[in-house]
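As written, the chains take the letters A, B, C, D, E and F, and residue 1 is the first residue of each chain.
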Amino acid sequence: MAASLAILGHRASMISALPANAPGRACAGELRRHGVDTSSLSFADGRLGLYYLTPGAMQRAAEVVYDRAGSAFAITPPGHYDWPRLLQGARWLHLSGINLALGEPTARAALDAVHAARAAGVRISFDCNHRATLWGVRAAQAPRLLREVLAAADLVFGNERDIALALGLEVATGDAQARFAAAAGLAFATLPHLNWLATTTRQTTDADDQQLGGLLATREGQRATRLHRLTGIVDRIGSGDAFAAGLLHGLLREWDEQRALDFATAAACLKHSVPGDVNMLGEADMLAWLSQDGFDVRR
Amino acid sequence: MAASLAILGHRASMISALPANAPGRACAGELRRHGVDTSSLSFADGRLGLYYLTPGAMQRAAEVVYDRAGSAFAITPPGHYDWPRLLQGARWLHLSGINLALGEPTARAALDAVHAARAAGVRISFDCNHRATLWGVRAAQAPRLLREVLAAADLVFGNERDIALALGLEVATGDAQARFAAAAGLAFATLPHLNWLATTTRQTTDADDQQLGGLLATREGQRATRLHRLTGIVDRIGSGDAFAAGLLHGLLREWDEQRALDFATAAACLKHSVPGDVNMLGEADMLAWLSQDGFDVRR
Amino acid sequence: MAASLAILGHRASMISALPANAPGRACAGELRRHGVDTSSLSFADGRLGLYYLTPGAMQRAAEVVYDRAGSAFAITPPGHYDWPRLLQGARWLHLSGINLALGEPTARAALDAVHAARAAGVRISFDCNHRATLWGVRAAQAPRLLREVLAAADLVFGNERDIALALGLEVATGDAQARFAAAAGLAFATLPHLNWLATTTRQTTDADDQQLGGLLATREGQRATRLHRLTGIVDRIGSGDAFAAGLLHGLLREWDEQRALDFATAAACLKHSVPGDVNMLGEADMLAWLSQDGFDVRR
Amino acid sequence: MAASLAILGHRASMISALPANAPGRACAGELRRHGVDTSSLSFADGRLGLYYLTPGAMQRAAEVVYDRAGSAFAITPPGHYDWPRLLQGARWLHLSGINLALGEPTARAALDAVHAARAAGVRISFDCNHRATLWGVRAAQAPRLLREVLAAADLVFGNERDIALALGLEVATGDAQARFAAAAGLAFATLPHLNWLATTTRQTTDADDQQLGGLLATREGQRATRLHRLTGIVDRIGSGDAFAAGLLHGLLREWDEQRALDFATAAACLKHSVPGDVNMLGEADMLAWLSQDGFDVRR
Amino acid sequence: MAASLAILGHRASMISALPANAPGRACAGELRRHGVDTSSLSFADGRLGLYYLTPGAMQRAAEVVYDRAGSAFAITPPGHYDWPRLLQGARWLHLSGINLALGEPTARAALDAVHAARAAGVRISFDCNHRATLWGVRAAQAPRLLREVLAAADLVFGNERDIALALGLEVATGDAQARFAAAAGLAFATLPHLNWLATTTRQTTDADDQQLGGLLATREGQRATRLHRLTGIVDRIGSGDAFAAGLLHGLLREWDEQRALDFATAAACLKHSVPGDVNMLGEADMLAWLSQDGFDVRR
Amino acid sequence: MAASLAILGHRASMISALPANAPGRACAGELRRHGVDTSSLSFADGRLGLYYLTPGAMQRAAEVVYDRAGSAFAITPPGHYDWPRLLQGARWLHLSGINLALGEPTARAALDAVHAARAAGVRISFDCNHRATLWGVRAAQAPRLLREVLAAADLVFGNERDIALALGLEVATGDAQARFAAAAGLAFATLPHLNWLATTTRQTTDADDQQLGGLLATREGQRATRLHRLTGIVDRIGSGDAFAAGLLHGLLREWDEQRALDFATAAACLKHSVPGDVNMLGEADMLAWLSQDGFDVRR
């Protein structure tokens, strides 16, 4: 998310803890390479969080084995982060459900960050990113923690299942747009600061042939993009972050909301063609794709 | 086939001859890695049999250049194998048409094995695996040799062309299921021990877009799976062995025959997504695919 | 183009200038590897012309960054080439629009070659290969230079936009075949030596799913192939050269024109399945593909 | 150590815990590939222990960053291992100081194993393998734990610093052989079951140019090999295990002790020429090296 | 040089011009990855300067084929750089003889920078880096340009040949230290701002076995390090920059001059063990090497 | 040998048989890449001869596992080669002891070639290249076959063991030069056409540290080069062919014999620094190395 925003031309700073060893430093270097400001990273005790990826192909889904237990990020105590200082000069704070799921220290740090941001007038975006295997035995705390963050957020990336989980409700029935509209109605009724609820919808026939669209709800109504067919997927890891970065880019550029949503969905789609977990493409790439200016070799 | 059965949880032992040099030992190590028992391999004179593979792509078919002449397996004399001892404790013996095609020594050894297995009450499966280029000048002997093995087999993997070749008949006309049903009728009438005749059917539009299904005939009737569309094929080498291992797995687990056939066909399909000639996937992978539990990243 | 002709069994000689250093010699070696006669290459001052390729995937187009400024080929003065000697024994001279676009020296050398070829009774083929970024500030000279070459050519690879550019006309409207027929009519009326005008037509839904066909106009009329659907494209760079080499092969073999066009289009399609910029396939591969003898593994 | 013994022709079984996921299974497969019996491995909770290696070169030392916290091996409770059953049929039990250093559970399991082995008449070898960074805050417990294992061991791999640490003594002064002899004297006086104390000695001028020798003390006296110069080192990780496996091999083959020590030292030296942490070489390779039969290509 | 200083903990900013395309941006990303501030890079017309490297081995020297003609850096007009602004806040400006050799525009820009630095009280270091093939036909201008830069420099990296070339003198005779001392005497007599003249000395027996030392002259006298033997060289490209960065690091840390020279020479030596052209090692690595704390694996 | 001669600027043609399949054609392409004329290769029945190489390192020797049984070259009948036609225009015919060792057909073809060459006035060079594992059961025929070829050769590459084997004599005693001189005396007395007997001598301390020199005997006397120390060897396969090509190059250039021998030995030494089995270096590289013009990076 931070790398994609930096590539799109924004000042993006990553606040996290990495191990004070060679792999940790390499990780910071990789962020810098994409243009992310790493001056707010701290180097601390603990290991480097990893995951193992078996790429999917055809109708075989990709598999991720998380290996984050004991990571520097997971075990750094929440008091380590001096949020008022870290948020100085920021316009937005972005967090993920993974902050809440990884363990008590990261959840606590996320809540501290959220409250400090509201106090400082920094807007908040939150990507629900629900990962059951990361919550593990702490699953029962998920609704309470999610609710506390959502109550402070201006922009939430999540679908009807995320909203239902946070608010303790049943998931609505109906088609994707109807379910999302129902969830959005409840969310806007409950969450005082919420201005935007956004999600991608995915219709899948096999791991290599999927249709992707974007939905964006505001207090005024709901917008959708057309569905884009994705064949020959190269790597779908990071498409959610590409979407989030794309939407935030549009809002920061003050585009109208349909344009911002179309752009975010283009970013999510194009990320499927890029190996690795970062959307390496720039604004012009997404706009060219949206204007359908052809798929021939550019030379 | 042995590797896939080992991965599916069975004790699988490979009986063959490898050269007594570093490449031969590496080959045994690779089998062990997958869990195959290599204690019945012998290290003998001769070279390591190879093949060169040019992977196919789009509408260009893959090409295999066999390089098996003079291999330790091909030249080891049939008397080398002490079948009663080698088959001790076995429930099934599996052979391939390649045993018959490679040359007189391997064909003779295969027939010895088959007779020893029947004598010891070991069930026999046989994959016809017809390869014209391997038979070469020995093509005229194919029907007699095939017939001798088929006459002893409980389970045969082959289609109507294989049956027609073995029994000296014309291939029936009609659609794939009708042709297979006709061949199965003749096979069950002629082959005293045959309980199952199974095959995959492939409808191909290009090397990268194929439809695959499974057919299984018994003395009671014939079953078919639905056709599965295969796009974005990674590597189809070994899909026949994946099918055979999957069906044998179902029979050994005493599943009903439709379930065994569906499972075998799932294994054959999923193998197309796995690089290399071994289906690295486990039972849970095939069952998940059959239950269509989604193609999203698993994490 | 030269490599593909050599692979198809023709004597093909490359006339160009390469830098007199290790990369330049490696380049000549690569041509020789494919069977191209490199005795007419000269090693001269200047650098090796390069391009950077970002392969496309899915709906993201490939991107080429040219890096040809200052190359030995670009800066070698036209007087360096002794065309009467270089063309001795040749039946055809093939040139590309890139010769005209790269700069004054290569354009001048191309015109000298064309006039020398006509004087020596060597037939001329020309691939328009329009690349706007290579013409750069010299774009205004394109029509005049193109016209001078086209006026001498027997065989031209180009579409209605190329013809319109050369002759200073509007592009006709209508579907692909109609537009091409209109352009061909004007071309045959204007260009005294022109016997064949050929092009591929591409209908694209995304960078990974395209339909390709071939069109060939003569003074007698126009022929077309059916459209071939291309999914799972591996590398489309070089498909135009594969088409050109395929058509010239058919003409040199004195096949009837429909067969030559079908063959050329097969070559262009199959090139999309071959990594690198050379169509590594032989005549038998293209004929097998045309006769649709199946996409199964060949073994 | 287990892999090297298996390659040398022994039945070697690994008793450990691996995570029940794809990386854990791959790890077991790799052991099987080398011929190690993996039937005593258990698949348990926890992650896969890792280390990061920056290979050394010239005068820059290699660096290892351990990443073993939370590994399945580290956190499996000692009661998990049913030692009498696991040791059935074994002649030797081999352990490492890393078992003691990693944490309380593995240390407790190691002590249980040692006592069960003594009770069952299984001989015990122990490689001190001191790693300060792994002991961390538990360093104070090292002497007590080491002493408990050493008291039961028949064969110990360690130098004077290891013995001094375990027995709470000062390290003797003098040259390498004298220091080792002093330590051996104390060890034999204190440790009732000890028959052999062995170590390698390393004289280093740079990371790429070292001299290596072996020392072996028994109750009868002390033996040494000549020093072997090591230039052009490929990978020194695993040379200690190669030495241990080599010595145990010699003892199991009932060679005289000088021959066993020479062989072990040859194994340690040759491991420096093999990439990876396993000595892939067989008995014949070590013997050929000892008999100096030339370094020419063997063909 | 900039990357090494950043790794050593300094704020280092690169002032240059890169092409405004994907390779140019990748280049900037690589600099950022090492921690170099890229905000003073400009993206301009021209290509990316390259070189081709054939690594040396044994007694075969490495070969570099420069490919810098027409690069964005080479062709950007000197007026493009607003030196007073670019130098704001800087303590040192570092330039290389390559700036002078590449062509008139870069030479002019270098002189402008030097004068602006002196005017702003920014200290100047200059690495003579003589490359005859880059000067080409401009070789006659080398003495004048070098003299103009040297006249402004506080710190010069160069040997007696560089000084002789700049001052139009004969190279002194004698051993390496005597020749350097003679050159230093002349340099300090001629160059008003010069405080330090430093160089490495290399004694070579083959490309893979060299001895390296450092020499540093000041107005007070001359210092030398011991010679370090380099065997098993991995990559010597960048060792000069590693030396320069190491010396500047010592001066910025206000170490005594012998310590700074030892450190710089350690950096130059250790760079030979690091692939690529950047010395990836930190201060602790060089200090550990100098204190000879052993070449064993660190774990 | 042919590739090295082509790189040195000679017309070199390879006469052999390759399989008529993709690997065979790739092999011909690789020869062409180096500039070898492949028009005398024939594509025939049989497989492609291979070998497996385990590269040596440190004191572990490289190992070659030959896999040449059944190769097209080995089984092509001698009558296949029309020697008078194949030798037209040639000045030298070069053969290897491998031609004699591989089997009856290649030995017969080699003798036919030798006799045809003598009849046509083509000079003959022969590299004894003794490989015991290739002779296998045919070892008893080696002396007779060698003698028949040697009797016709102008230039022989071989040492005292080769000469003793061919002439049925004991190997002389003494140091390397004395043993070679004795063998040369006998050879010149026995072999009527012999003008030059040449060999490399190798003194080895480990696989990575060897000393290499050259010896050349003529009817007038014997010459030797100094011994060159080889450390950090990259790949020694092909150094014999590099030597042979270097000497033939010197003779063809009509250099004096010491210079030719020095050059040949330089080629053999430098080949150790080049990966692969072809000496990729040109005349200038060998001459520069002989003139010791430094091992610094060339740029």
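Criterion: a contact is a pair of C-beta atoms (placed from the backbone, for glycine too) under 8 Å apart; a residue touches a chain by one contact, two chains touch by 3 or more.
These figures come from a predicted structure and were not determined experimentally.
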| request: Please give the intersection of the contact partners of chain A with those of chain F. | output: B, C, D, E
| field | Which of B-F and D-E has more C-beta pairs touching across its chains | value | D-E
| task | Pick same or different for copies chain C and chain E, depending on whether their interface residues overlap by over half. | result | same
| Could you state the distance in Å from the CA-based centre of chain A to that of chain D? | 47
| Chain centre separation (chain A, chain E; CA means) in Å | 44
| For chain A, residues that touch 2 or more chains besides their own | 63, 231-232
| message | Once the touch criterion is applied, which pairs of chains come out as touching? | response | A-B, A-C, A-D, A-E, B-C, B-D, B-F, C-E, C-F, D-E, D-F, E-F
| field | chain B - residues contacting chain F, complex | value | 21-23, 47-48, 52, 54, 63, 65, 67, 69-70
| request: Spell out the residues on chain B that touch chain A in their complex, using ranges where they run on. | output: 228-234, 269-270, 272-274, 281, 285, 289, 294-299
| remark: Listed in rising order, chain A residues that touch chain B in their complex are 51, 56-64, 66, 131, 133, 202, 204-210, 231-232, 236-237
| Taking the complex as given, what residues does chain E use to touch chain A? | 29-30, 32-35
